[in-house]
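Quick heads-up: structures coming right below.
Two complexes are shown next, each including chain A; its partner changes from chain B in the first to chain C in the second.
== the complex of A and B ==
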């Protein structure tokens, strides 16, 4: 199974609506794949906030409205921030029955006030156990960060290094939310506290945007990138049924399965897009994916191993932190970056001689995790 | 609160009764020893959590179970988090309803120090089942709260044959229909407890104020323990209808009219002075705000159980939680020494009021549900009040020119003057207006049936 076409819109605070954003990504993706839209047999639309923030559900039919006269199966997939990862997982399974499937992730989030936006995003947490107690996602990851600091000695400085690296990468990505934003260590360290110990620059932004993938059963050209591992795992939605906050079991299970399919280990991954919705999430991901031992993520950061040019570059597009995080589009955007890198089309941020790229897409605080491994 | 399979040790944060893995029964556990394992100070507001900063605590119990708690208080890592502090004096427990109303109710009873009963003790549980409505309306007490109380009582040794759910519905309301509609019949059948229609038993006459006597159901005085289970709601005549007010359901219909025709708030307090002591377990799962206590109010999801052994303290605390003015019947009850009405002397355990408070819309608004019909308030009792409301609600879209409907016995010249076309509903309004020499068309009855009222009003609306 191959990724034949990829596309994404600019991420950021945009004027376009959900249909406009989706249409742009879809149009560019079929163009990139060199396929007429009529050759697409199924579409998965990944979206999270259509209900809580936009009051627009049945997005499958909205997508159908963009393709008048094509009455193919279109299905909306929602697993919070892992929606596009889950849609891709689902689409790859469906390739056993179809030749070409599109995944389009789309989100519109910036046209609301902070109160409604925070509440809407919080709907990915448990209604009673989390939301009622005011546990927003920044607060959840703040608790994760604190536990990691207590258990492994990870520091705020380590988190700041991740943020700085992500912003540097985003400055090489014209489609990133924070493209051309000059961010310094001073700015990061002195940014206001959002949920202690996390500061503003530890948090991914609220973004609009869309990304689309064309998945095909057969290889058509040298630009097609093979998917060698695809796995999805789930875990409890709330911390209340967990024992450990510093590691996400869903990520470990999904990674183990994806590595098994690909016949590799975490040590053989050349670069990765991980779900760094908050800087601490990048360290947790690195450890769950086996890039290092549990608790040793900080060392990789301090040694610069995850920077462009390092042993295992992470978040070459800027990551969720600086590329942006339009929730439903994120998982597709991660695969867009992996494919762009493996094709050798990443320009200034190109990773040299990469063979295996991995995407790690988390929903909630580890409630869902989709891992995909692509090979050049 | 966790649910655990005794056989395979699987745990759930949701109320499940059977293990899906091994098929064995599942037991619920309430965490008692909680330790602060994580703290974050939150500076991001959201629609339901606008006041910042607050803290989210990561708590761990003695079995390693985790839970999240919002607080405005400062804690340190490793510190004990005690829900039930060693409180002296007047205690009111506030228990947040998570996924289980019954467990939250049992927690509230434990927080107030529990109850002691013997198998031979007669226990009377007095919910509010004023009308034949479901609990989702906020008009009647949620039967799950009563179920939680029954489960607790059975656990501590009470005998099912000695537990009675008792209520006196409004005049004209079929009690059998009401307990079925509200879900109490199912509870009775499930636990083998009885329902007692307080309006069909014996009464004891008690003078509650100078020259004013009421007939109180005898069962109230023959029970060893009374648990009063009001639903938290607003009331356009008494501000709120909570524990003190709910006990009015134990007096006969004529006595209720007597109270409504006099100083209702004073008499609610005075009534409680002659009643035996009782425990209050107030149902705030779905309360009622706005023009309560019935159909004109709006359901308000409060998600709390508020309990205590001091009825005045419980009612006072609820007023603070709902940010409603403490009405006179509560302050008067405090003055009479029935309980503590000073929030500074009441210890809240369980949840913090600052975290769980929810502003209720007070019962100040237009009395009539029909846009063109004015209701002239002659202090009707609940019988006329609810039936007239219901009738007007039924014809609220029926086009009408301006019409005024008088009801209740306290119709003075000031109340009825200045209105054009006036009709009266109910015997009390008819008599009151006739005594004052008014020749007004009236529909007699105590109260007249709703279908009669609708027909009567429609006839007048056509004129």
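== the complex of A and C ==
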């Protein structure tokens, strides 16, 4: 199974609507793949909050409206922030039945007031256990950070180093939400507290954007990148149903399965896109994915191992923190970055001599996790 | 590919929440299949309006919370009113990779005021082309009815006959929304106009409910029912993008594909569950599915061919009209009825000597259509 084409729109505060964003990513992806749209046999649409934020459901038919007369199966998948990862997992399995499948992830989030946006995002948490208690996602991840700091000595400085790295990487990515935004450690450390210990610069932004992938059963050219591992796992939705806040079981289960398919361990991953919706989530991801031992993420950060040029660069596109987080698009955008890197087409932010790239796409506080491993 | 277990909750105005409804259907379905839950390898959750109506997304993780420690892939599929049909299509393909898969369709719709419910349901129409013009679904299907009456001479009496048949069937289905509601032609004909020519009794109700299916790669017992055709097709979302209001291209394409897989034609179908969200939709379905020629649906109705005991009974459970229409559950509930009939377990409403049963599940005004053919 191969990724034959990839594309994304600019991420950020955009004027375009959901169908306009999807259309741009879809058009560029089929062009990148060198396939006519007629050769696409199935489309998956990944979108999180089209209901609460846009009052637009049946997005599969909205996408069909962009392709009149084609009438192919189009399905919307929603698993919160892991929607595009789950859609990709699904689409790869469907390559047993079809030759070429498109995944398009899209989200429009910036056209509402912040109250409605926050309420819509909160729908990824449990209605009673989380939402009615006011446990929004910054609050949830603040609990993760507090526990991680208590148990393992992770510091606010470690989180700030992740934010700084992400912004530096985004400055080499013209499609990133925060491209050409000059960010310093001073700015990060003195940014307003959102939910202690998380500050503004620990939080990914609210973004619009779309990304699309063309997946094919067979290799067509040297630019096609093989998918050697694909796994999806789930867990309880609310922290009050969990024993451990500093590790996500769904990520561990998905990683174990994906590594088993790929025949590698976490130590052999050359670079990764992890779901850093908050900086602390990057450390949890590094540990859940076996890039280091539990509690040792801070050491990798302090040693600069996850920076470009380090042992295992993470978030080369800027991560969710600085590339942006248009929720339904994020999982596809991560794979866009990995494919771009493995093709050697990442320009200034190119990782050298990489063989294995991994994407880690989380829904909520680990209720869902999709892990993909791609190989050059 | 086989349906090994089926279950549904009572449909109607219920006290239970989304997870409670899903849990009841899931528990009964694994019991019906005689499988421990641990043997289910993947779950699809079909749900339409959990975002706008309940502010509960990431339903896959809500379902995972009912099964702690299992961590299997669970994916939510949403394609408006065809969500469970699309999930079933998807799940059947996934049987190439897994042995046993569950589909659970669930919807909670009756706990809101009618304004918010109507707005939420409208999200299955195009945001700009339909919603902003006030083209709600009763209005859309009223346009279909007007055109069908003009072009083919279909009458209000024909629509009333469909409603009467559906209510008569529902009176033999204890799980139907309108079980034991005595309905007469007089009541139907004198019910208030919703959108001319559609009256109250032409419209399916707003219902809560859930239904679940266990799909298996191999046959285990005589109660397992084979799926011989499964197809999904899409079309433009809005009528203003269509040339024809009296036929749905997505239904024709899906039917053609499903018949081709099954090796039969529409004339060989013994009974069917069609998507009669409005009575006129049943006539459109009969014609799109090739049960009769275009424009001749009225004749089948007038001749009583679609009643229990007729040539091709339709909506033996009461149809969406009288069984109820908890949107995300509907497609699974249709297959529940077909399996129950083909097993010979339908009690008073049993169709005799049936071999082929067909389900037809529509999203919006034909933006999506899933067709399944099951065989005894």
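We adopt the following convention: the second predicted complex is superposed on the first by the 376 of 376 C-alpha atoms of A that agree within 3 Å, B and C clash if a C-alpha of one lies under 4 Å from a C-alpha of the other, contacts with A are read in each partner's own complex, and residues count from 1 in each chain.
What we mean here is this: a residue touches a chain if its C-beta (ideal position, glycine included) is under 8 Å from a C-beta of that chain, and two chains touch if they have at least 3 such contacts.
Computed from a prediction, not measured in an experiment: that's the story for all the values here.
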First, second, both or neither for A:114, with chain B first and chain C second: first
Of chain C and chain B, partner touching more chain A residues: C
Touched partner set for A:133, first chain B, second chain C, both or neither: first
Touched partner set for A:195, first chain B, second chain C, both or neither: first
Chain B versus chain C as contact partner of A:60, first or second or both or neither: second
First, second, both or neither for A:6, with chain B first and chain C second: neither
Contacts of A:95 with chain B and chain C, given as first, second, both or neither: neither
First, second, both or neither for A:78, with chain B first and chain C second: second
Contacts of A:241 with chain B and chain C, given as first, second, both or neither: both
Partner chain(s) touched by A:122 [first = chain B, second = chain C, both, neither]: both
Chain B and chain C contact sites that coincide on chain A, given as residue numbers: 119, 122, 126, 131, 236, 238, 241
Chain A to chain B touching residues, read off their complex: 114-116, 118-119, 122, 126, 128-136, 138-139, 142-143, 146-147, 150, 192-198, 236, 238-243, 245
Chain B - residues contacting chain A, complex: 2, 11-13, 37-50, 54, 56, 58, 64-70, 77, 96, 98-99, 303
Parts of chain C lying in touch with chain A, wherever the complex brings them together: 48-52, 54-65, 68, 70-80, 86, 89-90, 93-94, 96-97, 119-120, 122-127, 131, 231-238, 241, 249-250, 253, 363-364, 367-368
